[in-house]
Structure formats: C-alpha cells, structure tokens
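The two complexes that follow have chain A in common; it is paired with chain B in the first and with chain C in the second.
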Partner chain A sequence: MSAIKVALAGNPNTGKSTLFNTLTGLKQHTGNWPGKTVIRAEGSFEHKGEEYVLVDLPGTYSLFSNSADEEVARDYIVFEQPDATIVVLDATSLERNLNLAFQVLEMTDRVIVCINLIDEADKKGIVIDEKKLAAKLGVPVVKMSARNKIGIDLLLNTLDHLVKEKINPSPYRMTYSEEIERKISQIEAQITGLFGAELPSRWIALRLLDGDDALVAKLKEYIDKKKDGVTANELPISANS
Partner chain B sequence: MPVSKKIVPLSECQPGDCFLLRELKVEGVMRRRLLDLGFVAGAEILVLQKSPLGDPVAFRVSHTTIALREEESSLIFGEIIRRGPA
Partner chain C sequence: MSFQSAPTPRLLEQIANEAKSASSHEIRDQIVSNIYQTSRAVCEEVVHYKQPPQAQTEKLDRIFTSRIWGFPIMLSMLGMVFYLTIAGANVPSSMLASAFGWAEGELTLLFQAINAPAWLHGVLVLGLFRGTGWVISVMLPPMAIFFPVFALLENYGYLPRVAFNMDRLFKKAGAHGKQSLTMAMGFGCNAAAIMSTRIIESPRERMLAILTNNFVPCNGRWPTLILLASLFMAVGYTGAAGTLVTAAVLMGMVLFGIIVTLTVSWVLSKTALKGVPTHYTLELPPFRKPKFWNTVLRASLDKAWYVLKRAVIVAAPASILTWVFANIYVGDTSILMHFIQLLDPFGQALGMDGFILAAFILGLPANEIVIPILIMAYLSQGAMLELDDLSELKQVFLNHGWTWLTALNMMLFSLLHYPCGTTLVNIYKETKSTKWTFMAFAIPTAIAIAVTFLTASIARGLGWV
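Coming up: the complex of A and B.
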C-alpha cells in the first residue's frame, strides 16, 4: 500500500511547522512548489504500521488564491486530494483562525481540526470545549501543544481512525441565502456530471459564482491532464515509461 | 455607554477610540483580505496609534495589530462606541 498523504494547513504562526518537525523529525526535504517561489516542505513518518507523507502547506489566513501561497495551499487540497487535512488553529485567537477552517471544510470531508498553543491559551485563561466544537464543526477536534509534545498521540490516533474510516466526518457547511443556494444546486449538478465525486462540487460551484477565473483555467488544465492520462493508459506499457 | 449612534468612517477615529464595524465598502481582493483579517460587521476595533506622518494607522482587531492606509480605513463604516482619553 502506498503512503497516506496528509496536508497541514493553518494561519501563519500557529505552530504548523513545529508540528511538522515534531512528526517528521529529520525525515523531510524542502523545495519549491512547481513554478512558484513558495517553499514546499514534505516529510514522512510511520504510525501503527502505516507510512504517512506529510506536506506542510504555506501558512495563510484564507484560501481564495489572493497570493501564490494561498493558491498553492488551495490547489493541493482540491486537486491533489490528500487522504487527510489537518487544520492547525491558534487556541488564543480561534475566531480569526476558524475562518480558514471553514474554508477547508467546504473543500474536503477528511479534516482534523487541531487546536495548537493550548498552553498559551491556558495562561490567558481561555478554556476551549473541544467536544462541543467537534460536534458543531462535524469533524474531530484535537487540543495540543506541539512544542511541549502534548496531544501528539491523540492526533496520530485520530488520524489513524480517519484514514481507516473508523470515523466519518460530516463537516458543517455554511448555508447561504436562498438565491445563492438555488444557483449552487443548478451549477453543482453540471459539475458533478463533469467530475463525479472527484472534486468538491459545492465548493467549485461557489467559486464559479464568485467569478474565480483562475479556477476555471485550473479546471480546464485538470480535465486536459485527465484526458492525457486516459490515452497513456491505452498505449502499450513500453510507451508509458 | 455609546457616545453616539452616528455612522462614521474608521479613518475619522482618533487613537484610543473603540469602533464598532457596521459596513465594509471596500471592494475586490482587498475586501476579501480585510474580511480574512477580522474586519467583519460586528467586530470591535481599537485605534492604537498613528504613524509619524498620520497615515497609515494601527488598529487592533481580534487580538492582532493591523495597519491600514486611509485609502482602506475611509471605506470602513461604523460607530464610535467609546472615546479614548483625549
């Protein structure tokens, strides 16, 4: 079985990279994302006999492709479809951080929300009810302090349960105004016709309604790539290599 | 205790003032950016300080300091809920 792909998303300065280093140790390499001056860090680790590949996405406040960082993070989650996405949130400013979490929840079901810097929150007298939050968000929520190595085991076990489908998250989806919802269902049907369950149809419908031209180009590219892939499979094996 | 219910642009606030955001009239990418950073309707914004030349101005919004130019702050509307010490 091939390695399980896991993406790490989060706002800047939430301890995403601390978590990344804790999990992967020295088993990591860095480079750039193709065609962009954005650092791509990838590492691997093992847990319960499974091989994981962890990708540290750039820290962003949003995933609307306002910058190269956001585009890289968004494209990875939507098109590369990691087996799980861990959204790292800063326990001391959840309000701002949840903005990104909700965006990720619109893109994929396989999400773990990881509330980091819980020690800092304790110091400030902030108490977080992770069970209530998990019930509201519809995905597992893990409290941790990556730098003090608190909560790492719980995170790994949750990850294990998620990829082995022992838990099936049903993320909270924002309900928009009646007019927008009507448009979404019109467009969504066509998107599902085009991509099936491969890509998040509701999310794409929303982006199209928002007039995201860059995404349209990306989708065309995705279709072309898929076509090429199919043709290559029909060729003799020797021509494939 | 509300000082006034008058809707004013954020750019008219003085350091120390506390401002309740009602409406964001900024458009396009900057609008998205400001929303991401916490400039949403209902947010309380504390005016921290002006830069030496008066622009940009630093604001505190959801526990973070963010500086905005008048270009943006003049398009953010709300009411002053507390005047700073003059």
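Coming up: the complex of A and C.
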C-alpha cells in the first residue's frame, strides 16, 4: 500500500513548521513547487504501521489565490487531494485563523483542525471549548502545543482514525444569499457534469463566480493531463517516495 | 445535466464565461464577509476569557489607523520627531564645533613649535582635521537624536500602522500596498529597501517599488536636509518658532518625496508598467512598550555611529584630496576649480552652483559624503574661517552667494536625485536588467533637474531672490 498523503495548512507564524519538524524529524527534503519560486518541504513518518508523507504548504492567510503561495497551497488541496489536511490554527488569535479553516472546509471533507500554541493561550487566560468547536465545524479538533510536544499523540491517533474512516467528517459549509446560492447550484451542476465527484464542484462553482482566472487555467491543465491518461491521484508525490 | 460529458477545455471555458456573466461585484465581498462573520460567531461561542482580553491594542488601532485621525497623527508624529531633532541638536553642535576650533588652534601652535612645513599643516590641519571636525559637528548631534527617537516609534509598533494608512494611497496609484513598507524601509537605507522589495511578488509592482524607492530620504541624506533646513529655512524666526518652521520645512520635504513616489508610481502603472494591484494581508503586531535605554543605545550605536563612521572614513581622505586638488594649480586656477567652473553654468541654471553639483557627482558612492565634500571644497577656497560656531558655516555658504533658493534647491536635488552607488548595484542585482537600472538612475535625475530648474526659474522670474 502506498504512503498516506497529508497536507499541513495554516496562517504564517502558527507553529506549522514546528509541527512539521516534530512529526518528520530528519526524514524530510525540500525543493521548489514546480514552476514556482515557493519552497516545498516534504517529509515522512510512521504511525501504527502506516507510512505517512507530510507536505508543509506555504503559510497563508487565505486561499483566494492572491499570491503564488496561496495558489500553491490551494492547488495542492484541490488537485492533489491529500488523504487528510491538517489546518494549524493559532490559539491566541483563533478568530482570524478560523477564516482559513473555513476556506479549507469548502474544498475538502478530510480535515483535522489543530489548535496550536495552546500553552500560550493558557497564559493569556484564553479558554477554547474544542468539543463545541468540533461540533460547529463538523471535523475533529485537536488542541496541542507542537513546541512542547503536547497533544502530538492525540493528533496522530485522530489522523489514524480519519484515514481508516473511523471518523466521517461532515464539514460546515457556508451558505450565501439566495441569489448567489441559485447561481452556485446552476454552475455546480455543469461542473459536476464535467468532473463528477473527482473535484469539489460547489467550491469550483463559487470560485468561477468570483472570476478566478488562475483556477480556470489550472482546470484546463487538469483536463489535458487526464486526456493523457494520468490522473492527479497517480502523479508521483516526489521522486523518492 | 445529469450525464457526465467528456471534459474538454472548450466546455470549461463556456461554463467559466457563463459564471463570469452571472457574477457581480458584490460576490467577492459577500464571500469574504460571510467567512468573517461565521468566524466571529463561532469564536463568540467557543472562546472564553478568564480575564478580559487586552483590548488596548485594538482601541489604539482604532485611533492610529482611523480614516479621519490616521494622517493627522502621522504628520504630527513626524513633525514632533523633527522638532526634537532640531531643537536638541543646536546646542551640542555648537559645542562640538567650538571644541574642534579650540583643538585646531592648539594643533596649529604645535605645528609651528616643531617648525613643520606649511604644506603639511595645510593637508593635515586645514584639510583633514578641519573637514572631519565639521562633519562630526554638523552630523553627529542630529543623528544621535533622530535615530533613537525613530527607533522608539518603530519598536512601539507604530510603523506598521503607517504602512496600513499608506496602503490606500498606493492602491490608488496602481501599486502594491506593500510598497508602503519598502518605502518606510527606504527612510533608513535605500539600498536595503531595494532588497526588501522581494516581499512583493508581482514583478510589475515590485519594479514600481524599486524605481520609486529613492524618493524618500535615507540615513545618508537626512543630515543634509536637517542641516540646510536649520541654517536657511527659518530666517526671521527665532527660538521655538524658528525650530517649528524648520521642522515644517523638513516635513514638507518628506511629504513632497511621498507625493513624487505616488505620482511616479501612478504614471508608470498607467504606461510602461500597466496592471491591476493585487491584494495582501498585513498583520498589525500588538503595541509594546519599547525597552527605552536598550532601544536608544542600540539606535545610537548601530545607526548614528555607523553613518558617522562611513562619513568620516570617506570624509577624511576626501578632505585631503580636496585640499590637494584645491592647491595644485593648472594655469592660474586649481584643478578643483576647473572642474567646478565647468559645472557652474548648469548648477546656476538649477538654482545651485558648480560646487554643489560637484559634491553630488563625487558623492555618488554614498550620500553621506555630499556635505563633507561641499564643505571641504568651500573651505579650500582660501576662506580661512575658524571653526567656532554653526553660524560660521552659514557664513561660508553666504560668502559663496547662497540664498534660501540655493538651500531649497540643494535639499530638493538631494531628495530627488539618482540613488547612491550601492543602491544602483543592488537594483542591478535584483532586476538583472541594465535597462531598468538605467531607468532607476534616469527617472529621479530627470525629475530632480526639472524640479530644481522650475523652482529656480519661478523664484527668479518673480524676483524673490
């Protein structure tokens, strides 16, 4: 069985890279994302007999493809379709960080929300009810401090449950005004006509309504690749794995 | 559609176009505000505070970045920094000048006592010692006040708020909001600021930031501006009123630099570098009480000392060279005067003179040495002035026919002219293009020449000088 692909997403300065280093140790290598001057870090680790490949996505505040960083992070989640995406949030400014989590939840179901820097939040007297948050978001929520190695086991076990489908997330989906919703469902139907369940059609419909030309270009590329008989899922993750 | 058609790029294009025509401007706003509202609502339920959250930063930000108060506060902060610098620098500058004057007298006596030849006394005392003395007297005190005060503001967390306020203006000029950050960096050092433009991803917007960075005065040019403003711009005012006027003139210079930055960005983004500005996120750090002495000490040592060292290292040999060139005669004029006379007609047309242009040309390696070279060149003209007082320095300038227009135009030229050698090298390294490096040289120089020519013509035409 091939390795399980996991992506790490999050705002800058949330301790995402600390978590990446803690999980992968020395088993990592870096390079550039194809065609971009954005650094790609990838590493591997083992848990309960499973081989995991972890990809550290660039730290971003949003995924609207405003910049090369955001495009890389978004394209990976949508087109490479990792088996799980861990969204790392800063416990001390949860509100701002949640914006990114909601954007990821619109793209994929297989999400774990990881509230990092929980020790700093404690110091500042911030208390987060993670059970309530998990219920709201519809995906597992883990509190942790990557720096002090608190909550790592819980995160790994949750990851194990998620990929073995012992948990079935039903992520929170934004609802928009009636008018936008009507437009979304119109376009969504046509996108589903093109791609079936391969790609998140509701999310694509929303992006097309927002006039996201970068995504259109990426979709065309995706179609061309499919024609050549390679699907995104079969693309080699890296030369070594 | 319930069947799955084979996906083709053409079909996709159709759908994308349909989506675009169904789209409206409010969609992006609604998407974003929806996400923000949901985050807020969720947080209100999920996050609790044992003690009330520190709302101080938010309250302050509401004032510092307010649409009404943001700019007035920014301007008054800037004015306050200048006022403190000018008011505080006068006394120590004069004290330093008279100390150097006394030492020069002693040195002269010493040289006479050992029967040193006149040329040695000329090179070492009248050239090297006097030149370096003037540079330290006029440059050290303002820098020792300006840099620490600026560093305090920076460490308090105020500068990101300035960037936030400026963002709107840069967007309107078709540039990237981050350009306000690289511009702020330019107040320290343009060469470093060129490197900092790497934070702008779009090549078009990055080029705008590179080409216009020079229009804010850097460490090397602050002393020139502060010195000339305090010597010439507050004539007829005394005491606090004079300092206030001087500070206002300096503020005007900075504002003018920013206006030129925005105008040039706007013109370029409509012509050679067309395009739409992209978004970015700016994280405002919390306000922190700076470690006062730590900051003051670090700024004094790192910045003031560094700039002074650079100025003295160049000024010392330059003093000797200038003295030598001013005392070697070809025909009946010195080599230096030949060069200066060559430049003089052009300098006069720009409201300055040949000495000033020569100083700017020889000052290409670093802006710090423009004033030292100018003082040296004037002093070498046989005007045997004792180093006593800053008013003596003004007298030197006046003897060479300076008016307020000369000072104003030298300030304008210093603000607008070509970047220093280090900055140009960095621009070439970053753009890898001789064409754009040349543009980075040519655009500011053309503007500097045009502006000074214009002010000189207007002032003379209206009979103000």
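Here is the rule we go by: the second predicted complex is superposed on the first by the 229 of 241 C-alpha atoms of A that agree within 3 Å, B and C clash if a C-alpha of one lies under 4 Å from a C-alpha of the other, contacts with A are read in each partner's own complex, and residues count from 1 in each chain.
In this section, a contact is a pair of C-beta atoms (placed from the backbone, for glycine too) under 8 Å apart; a residue touches a chain by one contact, two chains touch by 3 or more.
Computed from a prediction, not measured in an experiment: that's the story for all the values here.
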item: Combined model on chain A where chain B meets chain C, clash or fit; value: clash
item: Dominant contact partner of chain A by residue count, chain C or chain B; value: C
item: Touched partner set for A:174, first chain B, second chain C, both or neither; value: second
item: First, second, both or neither for A:61, with chain B first and chain C second; value: both
item: Which superposed partner A:99 touches (first chain B, second chain C, both, neither); value: both
item: Contacts of A:9 with chain B and chain C, given as first, second, both or neither; value: neither
item: First, second, both or neither for A:88, with chain B first and chain C second; value: neither
item: Residue range of chain C overlapping chain B upon superposition on chain A, of 4-12, 40-48, 166-174 or 400-408; value: 166-174
item: Intersection of chain A interface sets (partners chain B, chain C); value: 61-62, 64, 66, 95-96, 99
item: Chain B partner contacts - residues on chain A that touch it in the complex; value: 61-62, 64, 66, 92-93, 95-96, 99
item: Chain C-touching residues of chain A, taken from the complex the two chains share; value: 12-13, 61-62, 64, 66-68, 94-96, 98-99, 102-103, 124-130, 132-133, 136-137, 172, 174, 176-177, 180, 183, 186-187, 189-196, 205-206, 208-211, 216, 219-220, 223-224, 226
item: Contact set on chain B toward chain A in their complex; value: 29, 32-33, 35-38, 62-64
item: Interface residues, chain C side, partner chain A - complex; value: 1-5, 7-9, 11-13, 15-16, 18-20, 22-23, 27-28, 30-31, 34-36, 38-40, 42-43, 45-51, 53-54, 201, 278-281, 283
